[in-house]
Amino acid sequence: MTTAVAWRHRHLLDVDVLGRDDLDLVMRTADEMAEVVAGRAAPDQALRNVGVTILFYEASTRTRVSFEVAAKHLGASVVNVSAAGSSVTKGESLLDTMRTLEAGGARILVIRHASSGAPYLLAEHFGGSVINGGDGWHAHPTQALLDLYTIRAHLPGGSLEGRKVAIVGDVLHSRVARSNLWTLTAAGADVWIAGPATLLRGLAAWGRAGVGGTRPFRVTTDVEAAVRDAAVVMTLRIQKERMAGGLLPSLREYAATYGITRERLALAAPDALVMHPGPMNEGIEIAPDVANGPQSVITEQVANGVPVRMAILKLLWGAR
Amino acid sequence: MTTAVAWRHRHLLDVDVLGRDDLDLVMRTADEMAEVVAGRAAPDQALRNVGVTILFYEASTRTRVSFEVAAKHLGASVVNVSAAGSSVTKGESLLDTMRTLEAGGARILVIRHASSGAPYLLAEHFGGSVINGGDGWHAHPTQALLDLYTIRAHLPGGSLEGRKVAIVGDVLHSRVARSNLWTLTAAGADVWIAGPATLLRGLAAWGRAGVGGTRPFRVTTDVEAAVRDAAVVMTLRIQKERMAGGLLPSLREYAATYGITRERLALAAPDALVMHPGPMNEGIEIAPDVANGPQSVITEQVANGVPVRMAILKLLWGAR
Amino acid sequence: MTTAVAWRHRHLLDVDVLGRDDLDLVMRTADEMAEVVAGRAAPDQALRNVGVTILFYEASTRTRVSFEVAAKHLGASVVNVSAAGSSVTKGESLLDTMRTLEAGGARILVIRHASSGAPYLLAEHFGGSVINGGDGWHAHPTQALLDLYTIRAHLPGGSLEGRKVAIVGDVLHSRVARSNLWTLTAAGADVWIAGPATLLRGLAAWGRAGVGGTRPFRVTTDVEAAVRDAAVVMTLRIQKERMAGGLLPSLREYAATYGITRERLALAAPDALVMHPGPMNEGIEIAPDVANGPQSVITEQVANGVPVRMAILKLLWGAR
């Protein structure tokens, strides 16, 4: 019962505006792009000579490169602007930089910024399309889409409807988790989040109210309750600065209490997928034998970044 | 009475060698390039496959990107070398790097360096053309040219002859101001510079002798005298390190005494242009309502960087 | 008596596997590439649209740019990943990054990494070709090849057979010297290394056993014995951190005892070549008048980086 839908979004600022039809369209387009990348379908020059600028105000290798190769695959003319350590640190300059890029022919702007909402500011002033490549603790839409793409490839019928997904770790400070809450509940999953109470503050109320006011999720400090019978176990990176901030007593205690070990994974469904957005602290939030074990799809997540980002670029450009 | 002149410069190291005919030629060529950028004229592949290397030894986003998009618009093959934090810190290595770039086909080299004169060193040894993208406190020729281009677009008849221009701030440490003194006086403007005495040291003598020994400018600590009836008010960024160096008592005092506020701007001509080379400290050297007000052409300055730099690239390449 | 040999290596991880025929093939191919670079031969698009990614985990300008221009000369599609200061610092992430690049179409990966052996790890998992751009103290194969290329251009008949080569300095911590020991002895040279005993630790045993167990070299603390009658004098950069580590008493003492001065150079053969892999500390390991004197081929070394790296790229790609 697939419905032919057109893409109607000019920007990709968050996944909160994407309905189930939108998500299906991204997934199908990513399937096509994966064929192109693998050389099994003809090259796609949908963005031939289109100016794509990747403006990253935070250090990143994987996401930045993934966008660059995705854009080049589609024939785009790519400019990288890595502003880490540059003189550009204020909102004023963010807009000035955007205007320079636009004056030079940038039509699609991919931005990563430490301030939540920075992509929205750009979208208000930019004549082309803005893609959020991660903003503060707020959102990381393409990561959530590639996670969804990776999960669907493994679940029978590609459906998450009613399947349990556990997200374990520092959800409070995670833009990845926040975006995944939107897409996973939109796809019908039964989402549980688990972690120390200090790293879940305020989330219980949101979970009861529901994502978008209609799609509740479960919040618990009991990791085993979250993992039990889950079809997907997603762990998040623990940042060492959380300890300095008094939110975590020690990494060792975190690993003992919340780390995904073989024993904890055994509580999940037999074929449960293990996921991590990277970069991992092996031995802390995830045991090495789990990270590299047969249930891990972490490498696939990384590889899927390219076709999923190609799909987004192609859909945004087609909708202009 | 426009005279057809040919461009005869192989390098753009400073604006001091540019006469009025040269400036007119840059302005006219930039007009053509602006049509290309806007898509109203056919693409110009004047630098098709020409190797352009952008070698920046200081952090920069706007100028670097502006050169990159300008060069790509003309079909050039662009290599970026951002040497900030690299192992290259000595004069020896600057020449070695240049030789590597030349061996690889670089024909035009854009350099930014903290040492005044570094572009001259390269020009002595490089087989192609060198463009100074800013060297120490010495010169920033393309900024002065885009400032001139921006002003001319707004003045009746495009002429600065006899028009008063006020440059306010830390002129002593500003390569932008130094280059603007050359171009603005060459275009016939009546230039006034104003700021605290500590940041104008030595400039009064130059002002009396005149730029090029023939074109005097006014130096004053009285910002209101400088701004009164001016057709253009250009403010400069105040660097916080000036206070550490004992040259400024406090930013707050600077803002009160020299900041361009609505009240001070009211002293200028009714339609006076407000300019700033960026990045701005809003609330210090310029009030936010002035920076974003109807007389501000700051955004235009940024956007004009691309066609003006295209013009320079095209003229230098044509003169080889 | 040149024998037509085919290149049979998929990766360039070290020079230890290159026999004399391999070296001859690289040299001949580099000769052809030099003609292309100089515009005396038709452009070579052997890597047209092939994805070449340059993944550098250490600061570098010259080597990085040299690879970039080499790849672009052959028509490749180049992506730069400069991981210095990024969030990527662990082995786990190195493989993830590689997988992202591979998923995006990277076919040739050039890696520089502070950990010896990192390129081997990548080669085990990467589907394309890996080029070692320098790994820890272990190897820097393309530098050794361009050094060999530079020497052969100057020696009568292009042969190193029986010619004395002196390598002076911190051989212990030098990947350049280690790779040169392999190529120079393979080419038949009589190699002497000289330096303070603390910077030669363990090398005497290797010298007696011989490179590859069959090609001995000489180790001495007597720089004059090493330089006497040498056809080539190669000096190495002294790192200041060696003094902090207690391996060197002072730079001044080092300069006095081991620096290559005009006096010491006079002991070598009359037309001896002076070489340095850069960047130089002029006045420490090499006197300025020697570095810039008539026997110096240091600038040629830099320029030869491009055709030699083109040759490697072309040979690896042809052997896939």
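By written order: A, B and C. Residues from 1 in each chain.
Operating definition for what follows: a contact is a pair of C-beta atoms (placed from the backbone, for glycine too) under 8 Å apart; a residue touches a chain by one contact, two chains touch by 3 or more.
Please read all numbers here as calculations on a predicted model, not as lab measurements.
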item: Arrangement of touching chains [line / ring / star / complete / other]; value: complete
item: Same or different residue numbers at the subunit A/subunit C copy interface, by half rule; value: different
item: Distance between chain centroids, defined by C-alpha means - subunit A, subunit C (Å); value: 41
item: Where subunit A touches two or more other chains at once, by residue number; value: 80, 85
item: Subunit B-facing residues of subunit C, complex; value: 37, 59-62, 65-66, 68-70, 72-73, 80, 84-85, 278-280, 282, 291, 298-299, 302-306
item: Parts of subunit B lying in touch with subunit C, wherever the complex brings them together; value: 51, 53, 77, 79-81, 83, 85-88, 90, 92-93, 96-97, 99-106
